[in-house]
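Each of the next two complexes has subunit A plus one more chain, namely subunit B in the first and subunit C in the second.
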Partner chain A sequence: MSLILDNWLLFARGLLATLQIGIVTLIASTIIGFVLGTLATTRRRSVRLVVRGYVELLRAVPLIVNIFFIFFGAPLLGLQMTPYMAAVVGLSLWGGANGAEIVRGGLMGVPRHQAQSARALGMTEVEIFVYILLPQAMRAIIPALAGLLTLLVQSTTLGALVGVPEFLQISRLIVERTTVMQGSDPAFAIYAFVLLVYFVLCSALTALSRRLERMLASGSARKTPTMTVEATAVS
Partner chain B sequence: MDFDPAYLVKQLPALWRGLLLTIEISGLAMAIAFVLGVAGAMARHLKLKGIAPAVAFYVEFVRNTPLLVQMFFIVFGLPAIGLTLPLFWAGVVSLALWAAAFHVESLRGGLATVNGGLEDAGQALGLARLPFLLIVALPLGLRVALPSMLNTCVSLLKNSAMLQAVGVMELTFVAVDRMASDFRMLEMFSVMLVVYVVLVFLLSAVANRLEAVMQRPFRA
Partner chain C sequence: MTAQPASEAPLIAVRGLTKRYGAMVAIDNIDFSVRRGEVVSIIGPSGSGKSTFIRCLNGLEIPSEGEIAVDGKAVPLADHRAWTRLRPDLGMVFQDYSLFPHLSVLRNITLPPLLRKRMKEAQAKERAHELLARFGLSHKADAYPIELSGGQQQRIAIIRALAMSPKALLFDEPTSALDPETIRDVLAVMLELAREGMTMIVVSHEIGFARQVADRLVFMEKGRIVEAGHPDELISRPQSPRLADFLRHLKH
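Here is the complex of A and B:
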């Protein structure tokens, strides 16, 4: 216990980095998700295929391999990546693939007659998308994106494997340092503490996602199809 | 840097051993997770005193903590208080415990879809709750839960790559280790990309087939 108090500043710094990466990648994932998710519902088959390929590829390869790829692979293209950047880019590309599925699911969940009616009223395709489809799709998209934030926060731990000083990496260093300096192995207490902190943090985010879902669902008579991103497994 | 097939061929035996370990660990973990998942879902469905809430908490805990931290806890944390598992089994256990939590959730949802009329019919035939669950509800509920359970299995396979971090010499470990020592990124990344994509697609194909087979009795 004293070990945790002694190192609270380090832990706090790690946790801050974790939250920072989580939020930055959520924003990037949301942007990628909206662009690709919208493209996935267009009529052009070639565009849909490209998006499909991107989503399937990123979801088939383990996220950690993806991050390694960016970290070790960037120098091949003449780019220098800090561990922090590699983790953010890797998580964002992966989160973007998941975001695309969320947005696509949300848009497809809007009943077909909504767009048909709007077209009959003479609205342009852009107007239909902005005023009719998107607002209704948001009911499903917003809670699912909150769920994605939980997954992203959990996945920031993978950054530790390329050396990002986030919460897990800091804890790992504290375990090593204490083992060397005091001769006792504090791994049990420290990792139990780390599990607990993540549990509290992610439970709060999960609760937020469920709350958003309830709040947004109550506004509509029709029950919006709920995306089950929070129930799917991280990979 | 250009692609060197000769280098790749030289590394194939080591990569093959890594791949076998990936498959072995994932396969064992899937089997254990299935058993634990069914047991957990049954406990929740029967509302067993003490056990059902414990399972519910377990599921929430696992879903709301990162798998990598769970692995660190099992591989580095437990030995610190004298609970040492061989690394291979620590890997299998961490993946199995993780996937079991998701299985419990899927299966609980599946069992909830079994309609009440069937339960009444079972009672009329003299089936107690447990036999009813085992021979009627479970086979039906499993079919409903199957797609999401198989999804969890695919994720388990991919997540076995995280075992690289705790020193299990599976495919990712071998590939990253070679990259660090020989700086042949291109070859190793191509291998990982191809192997994981092929494995995931094979597993998905098996999953689809299994779903089709399981639906057979219900087709007119």
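Here is the complex of A and C:
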């Protein structure tokens, strides 16, 4: 315990870096996911193909390779990227691709006749998307997206490999430093603390998504709470 | 908009309507018109193009060729915006009711007019309550579609179309997904609307309804109108062997 208190400033800096990468990545991934996921359901074949290509490419590449590629590839294009930027961009592009798949799946899950009957009532395509399709798709999207975002928070640790002083990296530094300076190995205690911190971060995200899900369900499916639970369990 | 009285002109006039999917011809050069206040029943074997035909009338399917005029005004077939503006004038009721499951009954009815007509919220709600009361569904205003029977959902779908003050209603097999007991409730609503002078085009196999309500019965096959005329006439004395055959099958 004293170890953690002694090094609290370092831990705080690491945690701050992790939170910064995490928050920017979550927001960017969600935005990219919704934009591309929506585009993946348009009638234009060319648009769908471009989105498909992007999604397939990023989902096929290991996340760390993607981050390396951006970190070492960007200078070749004349872009100077800090490790922090490379981690954020790499994680966001990957998260966005996976988010797009989730959003696309959610939208495709809404029965076709929903858009058709909305159209018959004189709604424009934008209104149909905003008022009819998206609200219904959200029930499938939210739990899956929460899962993705949790995974992204965990993946911020990959930033360490391009030199971002994020939480795990700092913790490792503290372990090494303490070992050298005091001759005792505090690895177990420190990593137990690290585990706890990630657990708290990710559980908070999951709890938030559960809450959102309940809020959505309380509207339309008052009579079928069991159905929503089943759907969540399957996905 | 001119002040010219349009009552003489047909409400919906179709000429040379053709719809192709690739090499498949779904609708083959149909001429058709409906007068104001007329009720037309369309029957025909599955795959005869009757659903496609009424979907062409409000642009849910864009015709490949032909002319459509509503209320004397030609519709530019390729103009999506024109269709969007026109569609609520030709309210449509589908086989699978298609209520929006995430919205309450009241919201289902008020959302489209709020979006389109810029009606005030209070006004739209009042109109919805009026319609619900008229068809004996007031107590369901705050229910969600999942809590209603199929027949109730279908009646709400009709009310939802009526809330847009349509000039005509198009029914695409409105009773084929319903239980026999609830079919009667839906048909009763349609009957009442017909009596009030609503212009209606009904794709359905409810021969009884056609006989009782329709001014004209149309028999379609292979994308064409094979026979049309007064229902009693057509049913008792079919001219074509295909219609005679079809009616025999329907009775069994």
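Here, the second predicted complex is superposed on the first by the 213 of 235 C-alpha atoms of A that agree within 3 Å, B and C clash if a C-alpha of one lies under 4 Å from a C-alpha of the other, contacts with A are read in each partner's own complex, and residues count from 1 in each chain.
To be clear about the criterion, a residue touches a chain if its C-beta (ideal position, glycine included) is under 8 Å from a C-beta of that chain, and two chains touch if they have at least 3 such contacts.
Values in this document were obtained by computation on a predicted structure and should not be read as measured data.
With both structures placed on the common chain, the touch criterion links A:113 to subunit C but leaves subunit B unconnected. In the superposition on chain A, contact is made by A:132 with subunit C only, not with subunit B.
Between subunit B and subunit C, the partner in contact with more residues of subunit A is B. Look at A:206: by the touch rule set out above, it reaches subunit B but stays clear of subunit C. When the two complexes are overlaid on their common chain A, residue A:123 makes contact with subunit C while staying clear of subunit B.
Remark: subunit B residues 1, 60-61, 63-70, 72-73, 76-81, 98-99, 102, 105-106, 148, 151-152, 154-156, 158-162, 164-165, 172, 176, 179, 185-186, 189, 192-193, 196-197, 200-201 touch subunit A in the complex.
Those residues of subunit C lying in contact with subunit A across their complex are 58, 60, 84-85, 87-88, 91-92, 94, 96, 98-103, 111-112, 115-116, 144, 146-147, 157, 160-161, 164.
Interface residues of subunit A facing subunit C in the complex, by the touch rule stated above, are 113-114, 116-124, 127, 131-132, 135-136, 219-224. Per the touch definition, subunit A reaches subunit B in the complex via residues 57, 60-65, 68-69, 72-73, 76, 150, 154-155, 157-158, 160-161, 168, 172, 175, 185-188, 190-192, 194-195, 198-199, 202-203, 206, 228, 230-235.
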